[in-house]
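Two complexes follow with subunit A in common, the first pairing it with subunit B and the second with subunit C.
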Partner chain A sequence: MEIEIISFGKIAEFMANRRLTVDGIETTAQLKDLLEKEFPALADIKYKLAVNKTIIQETAELKSGDIVAFMPPFSGG
Partner chain B sequence: MNEKKIKNIFVSGPITPAFIADSIAKHSAKTDIGGHSIFMGQVRKDELNGKFVAAIEYTTFEEIALAKMHEIREAIFEKYPLNCMHVHHSLGTIKAGEICLFVFTSSAHRKPAIDACTEIVERLKAELPIWGKELFEDETHQWKENK
Partner chain C sequence: MASERYHRQLILEGFGASAQSKLTAAKVLVIGAGGLGCPALQYLAAAGVGLIGIADDDTVALSNLHRQILYTTNDIGRLKAKVAALRLHAMNPEIEFVVHVLRIETNNVLEILKDYDFVLDGSDNFESRYLINDACALLKKPLIFAAVADYEGQLAIFNATDEKGETTNYRDLFPIAPKPGEIANCADNGVIGVLPGIMGTMAASETIKLITGIGRPLINKLLHYNILSNEQYELAIIAGNDYQLPQNEADLMAFKYNHISLTEPMVIEIDATTLKDLQQKTSTLLIDVREIHEVPALDQAIYRQVPMSSFNDFLSTDVEAQNIVLICQHGIRSVAAAEALSEKYGNTKNIYSLKGGIVKWRNYFIN
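Our next item is the complex of A and B:
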């Protein structure tokens, strides 16, 4: 299936927005494992995920066409 | 005054003293207000190993940030007897010394205005997907972390 990855802040410096075609990935936890292997710097950051513009607190199931956002700690204000 | 429409809090560039003054002036017609509280965030010229922060470049995930701010706005109006609430946050490059956040609450009496203003600032910093990139004078950078 196809997943669109968007990233922000310092994550965007090493992991550009991309469209991934992945097999055997069904949850956000599996997607995190996959990307943390490809981008070891990601594993050092306490990031949050949003699926289709909603921040998720726990692992969520993914379906083809989902947009997953990788967001480092917020620093507004 | 419970706004249902999602408001855009973002402004491109710094928030000017003139904008803030004008915002205050607009409230003179609302004579049931007895107290205002204002918070302004200013870009600090922090030092790191002899280098100084020249500016902060702000970016956001706008749709999530605005939806989250809408949620906070509704919760604050529910919790405090406010006459009005205004929130403005900068995007783009804001130089040290310039204003990047303006929160303005008004109520019949001081306490709700002060408490609501504080709570909005705390929640905004913790919950809105906004990122500040601290740009040093030598063009290196580091990512801001909220304390």
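Our next item is the complex of A and C:
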């Protein structure tokens, strides 16, 4: 299954946008676990996940071709 | 006179006199007269918003001038809110300004916000942003949110009803504030002046759309903008339930917006293996902070139910257990609950939150 990862803000500094071919990943929770292992800094930062441009409030099922965005909060003004 | 001032927008197809009279009747509070606030204030004043509040307790500094374009070098050391009102009055003397020389805090936010129809948050820190969000949610005031970080900006409208009748707030995006240092601000990281210029102008544009009812305002949407690539990315926001908003003034006053102290101890987030170890110990209390209707239901003989909605009552009682583990659906509310307990007990007890919550460790709880 192929998933497109898009990251913003501080997250983009260590996890560049990419297409991932992942096997055995069925949910956003599993994807988070996988990426937090590869990028430990991700586990230390608050962010919201969006699947295909809609944020998710619960773990969501993933299907091939989904675009998953990682959005951290900004506070500057 | 007035009609000549606004002539170019009055003749605009789809705008006209009715939109202009809505602007004249509108009362908008701009919080923060800085990088976002300056351009937002200029365009709101120029467009003819009838009453504009300016809330800021800061004075002009030389390092502000590359992005806070209402001020001159001669203004250094003067109060931003007062200088801004002076400049804006010169630009448009036909509208009214109210200057609030203060920092928005729990003890003044509701009193100040209640006199306005719309709030534009151009503040520069998470403490203010969460407070402004919660106060707007409590008072049901539409909130226009703009923020920047490095070369990127965010823009959204909260507490306004979309075409489906739904409203969202900032906590639907980010239920709890980041820890200090987790996300840098402009003072730490730097900012290119034109970025808050763009985001502040877009915030003014959204405010004008919201007031006049033209176009498609960013209600329940988060727009991300990257100044380096000129790319925009828009996310739809849906309501979540991983947080508790203050329900009344007393609640809001009791809320600790600057609760994240720089001194340890902080809440310790644990996994299910550590939870299992703790469960073996005699002096461990396990607390499920979810509301009673949430599923899966846990064995109440093992997990004491203390829903977040009544957590304040629980805080006023004393717990004997030495170890307290807070549990919720996703491990977000449990952090807030654990922080409240750790403030009460300090170093005298070990307070834990189950990271990822019941959803992450489903098999542990269901078997």
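Heads up, the rule we're going with is that the second predicted complex is superposed on the first by the 74 of 77 C-alpha atoms of A that agree within 3 Å, B and C clash if a C-alpha of one lies under 4 Å from a C-alpha of the other, contacts with A are read in each partner's own complex, and residues count from 1 in each chain.
Everything below uses one rule, namely that a residue touches a chain if its C-beta (ideal position, glycine included) is under 8 Å from a C-beta of that chain, and two chains touch if they have at least 3 such contacts.
Computed from a prediction, not measured in an experiment: that's the story for all the values here.
Touched residues of subunit A were counted for both subunit B and subunit C, and C has more of them.
By the document's definition of touching, of the two partners only subunit C reaches A:46; subunit B does not. In the superposition on chain A, contact is made by A:9 with both subunit B and subunit C.
In the superposition on chain A, contact of A:76 is made with both subunit B and subunit C. Touch criterion not met for A:25: it reaches neither subunit B nor subunit C.
Residue contacts after overlaying the shared chain place A:58 against subunit C, while subunit B stays out of touching range. Taken together, the two structures place residues 8-10, 48, 50, 53-55, 69, 71-77 of subunit A in contact with subunit B in one case and with subunit C in the other.
Across the interface of their complex, subunit B is touched by residues 8-10, 48, 50, 53-55, 69, 71-77 of subunit A. Listing the residues of subunit B that touch subunit A in their complex gives 41, 58-61, 63-65, 67-68, 89, 100-101, 121, 124-133, 143-146.
Partner subunit C is touched in their complex by these residues of subunit A: 6, 8-10, 29, 44-46, 48, 50, 53-55, 57-59, 69, 71-77. Within the complex formed with subunit A, the residues of subunit C that make contact are 32, 34-37, 122-126, 129, 146-150, 152-154, 172-174, 176-178, 182-186, 189, 191, 196, 222, 224, 226, 233-242, 330, 356, 359-360.
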